[in-house]
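Common to both upcoming complexes is chain A, partnered first by chain B, then by chain C.
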Partner chain A sequence: MKDRYSRQTLFPGIGKKGQEKISQKHVLIIGAGALGSGNAEVLTRAGAGKITLIDRDYVEESNLQRQQLYTEEDVWEKLPKAAAAKKRLNAINSDVEIISIIGDATPEVLEDQIKGIDVIIDATDNFETRMAINDISQKYNVPWIYGACVGSFGMSFTIIPGKTPCLNCLLRTIPMQGMTCDTGGIISPAVQMVIAHQTAEALKILAEDYESLRNSFVSFDLWRNQYTSMKMSKAKFSGCLSCGDNRTYPYLDRDSMTKTMLLCGRDTVQIRPPVTGEISLEQLAGQLSTLGYKVKGNPYLLSVEMEKERMVIFKDGRALIHGTKDLTHAKSIYQRILG
Partner chain B sequence: MIIKVFANLRDICGGVTVEVIPQGNRVMDILEVMIKRFPDLENEILTSNKTLKPFVHVYINGQNIIHADGLETHVHLNDQIAIFPPVAGG
Partner chain C sequence: MNKVMFFAHLRDKVGKECLLIEASGKTVAELKAEITKEYSLDKMDTVMTAINEEFAGNEEIIQDEDVIAFIPPVSGG
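The block that comes next holds the complex of A and B.
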């Protein structure tokens, strides 16, 4: 396989030296959905040394439209995404060591996996995990690459500890209700565009070409043909609890995480978001019914019929998921709807 | 002033930028003019107490107004103003 990377090493930005560096690096990808599968495929083909992939879901039919590593067979077998991805990635490039972890990317799991990691790629679908990634990145001085998309819109930002602002500087609070692919829909090209931005930045980091990193927050809308880049250097906040002078890494604290608990004697899981605030049930009901969910509501709560489960969402963001005892599965359903 | 809007706010505002002539020099003055023109925007970005919803972020020249004076933050004619709803999908 001497020629395997020849076109990549011919590219002056990488060269033979860069390729050698890439082959010794370890990438941590959080999430193996649309962004995760694309990022993993590109970096596997590019010859990264090791890739660790963490995901808590299994492959479903509605994933196939954009999640490029999966097949109909994976859907029939209800394979966990991390397992199905590993199988496919091994077939693509047997030189790359793929470590797959089936489960939630909790702060504990992140603490266990961070050692030896050169870059973290965000391929999650919720802000809680992103804030935990942000804290672990600052704590262990490992860069991470934020990426998100919905509809035809996508965005990305590269966070380098000590240099750029961090996600906590940009947001400061965990958004209660982010738009997700399950609420806003998604076209595959928007996913691919985010993947392209994330993997280009990842290759620069792996090849140690830090000078070439993009220092702006980029966003684009492929349906409206809009590309925007915003300088974020002024956003660095010295009082930031994740990257500032008196940092506490608040999102690595268990108390800041979404609380899930099995309700005794019932086939129901209760989920309580880390921050309380008011969500607009009316707006959510509108979005969900457009998507074909059967939604019933009153001023206090919203009941959503899903394929197997029923979710009841309260105004303060708390939810009950009926029809499951699986805490991880319930949390995944919750974050799919509420971000 | 030209205000950049992102993601679903573009559907509401019918474009990627909105030009406004605010009646004052605070962020809130800009939002009021925008809401007058696009009434659906109000429910999307403000709570019933006229505070910014926790999942909406306004940046002035790349700085989040939560690190300044929030909706009372002063703006200047040449400032770059952007309104982002968070995008969680991936």
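The block that comes next holds the complex of A and C.
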């Protein structure tokens, strides 16, 4: 198909040379939910050489409103997102090699996949994985593009090792109780706006037009009509453990990860977050009951009835997920609620 | 005087997109603590701050007329 990329090569920022470069590059997309689906579709249509997609979930009905690669059939078949995405992406552009990995993007998995990657796209739903991506990016000198959204609000920032500050410079710690799509809801336009920012930056990196990268941290609210672009030149933190002089890559360490443990004979998984702190059970209870979950609580814990499972969350962030023996699934449920 | 802007769920909690506050001479951390108390917000430790559209750390001192924006990192995707 000679004409396939003609409109993209006519665009002066890319041209024939840029297209040639794009076609030789390998993109790693972490997560195949809303942001993952959209990023993967744009870059598959744009003719990236290879795309590796990692995701641990399967397709559910509540995904269809915004996760553009999936269909009702995928829901009936309970297909893993990584598998359903590969099927659809292959149908869109057979020139692009799609590698799908069904599983959790742990530091070990990231270390296994990083070789030969030109850019990492963040499409996860939690900060623990983002901090691991951030450390991998610094350790192997591969750029990554942060993107996140909730409600009508979204944000993105491009992190280039050695040039820009990193995510750990900005946050210094993993935020507890970050708003997630399962607690704050989400509308598709917010997703699409983040995807647009991420994929434009990814195309610049793939076409090697580094001069055109954005440098600033963007955030916007499409319902409240707010848009802000924050300059980041002063944000680099010299003592940063991920990108500073005495770096240790703390988030690649097993001890910094959420611990999951199957409780013997109880059909229950215990989840322990990497940082302990106080979460506001009252606020969480309010959010969850607005969303229609049945919530019961006391000053020490909160019990949430979910479709199949029941989750009990303690004040220090520890949780028990009753009704499952699947560690990855339990962690997924936990991070959907607590970020 | 300083214009202080709120994004995402902070805007909902405060009930307004922006406030006019006399904050000059205070550090970002002090302003955060004050607002947290007044609007019974959760801890704002990991909320990012921009002063005049430039990233600012918790120790930075606010000047008169500075425009401050509080941007909470979100995790959905």
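Methods note: the second predicted complex is superposed on the first by the 339 of 339 C-alpha atoms of A that agree within 3 Å, B and C clash if a C-alpha of one lies under 4 Å from a C-alpha of the other, contacts with A are read in each partner's own complex, and residues count from 1 in each chain.
Just so we're on the same page, a contact is a pair of C-beta atoms (placed from the backbone, for glycine too) under 8 Å apart; a residue touches a chain by one contact, two chains touch by 3 or more.
On a predicted model such as this, the values are computed, not experimentally measured, just so you know.
Using the touch definition from the top, say if A:Ala34 reaches chain B (first), chain C (second), both or neither.
In the superposed model, A:Ala34 contacts both chain B and chain C.
Classify the contacts of A:Ser229 with the two partner chains as first (chain B alone), second (chain C alone), both, or neither.
Only chain C is touched by A:Ser229; chain B is not.
Contacts for A:Ala132 in the overlay, against chain B (first) and chain C (second): which applies, first, second, both or neither?
A:Ala132 contacts neither chain B nor chain C.
After lining up the shared chain so the two structures overlap, which partner does A:Met155 touch, if you call chain B first and chain C second: first, second, both or neither?
In the superposed model, A:Met155 contacts both chain B and chain C.
Going by the contact rule set out at the top, does A:Ala82 touch chain B (first), chain C (second), both, or neither?
Neither partner.
List the residues of chain A that touch chain B in one complex and chain C in the other.
The overlap between the chain B and chain C interfaces on chain A comprises residues 31, 33-36, 122-127, 147-151, 153-155, 170-173, 175-181, 184, 186, 217, 219, 221, 224, 226, 228, 230-235, 237, 280, 283, 339.
Touching chain A in the complex: which residues of chain B?
My answer: residues 4, 6-8, 10, 16, 43-44, 47, 54-55, 57, 59, 61-64, 66-67, 80, 82, 85-90.
Chain B touches which residues of chain A in the complex?
The contact residues of chain A facing chain B are 31, 33-36, 122-127, 147-151, 153-155, 169-173, 175-182, 184, 186, 194, 217, 219, 221, 224, 226, 228, 230-235, 237, 275, 277-278, 280, 283, 335, 339.
What residues on chain A touch chain C, complex-wise?
Per the stated touch rule, the residues are 31, 33-36, 122-127, 130, 147-151, 153-155, 165, 170-173, 175-181, 184, 186, 217, 219, 221, 224, 226, 228-235, 237, 280, 283, 339.
Show which residues of chain C lie in contact with chain A when the two form their complex.
So the residues of chain C in touch with chain A come to 5, 7-9, 11, 17, 42, 45-46, 48, 50, 53-57, 69, 71-77.
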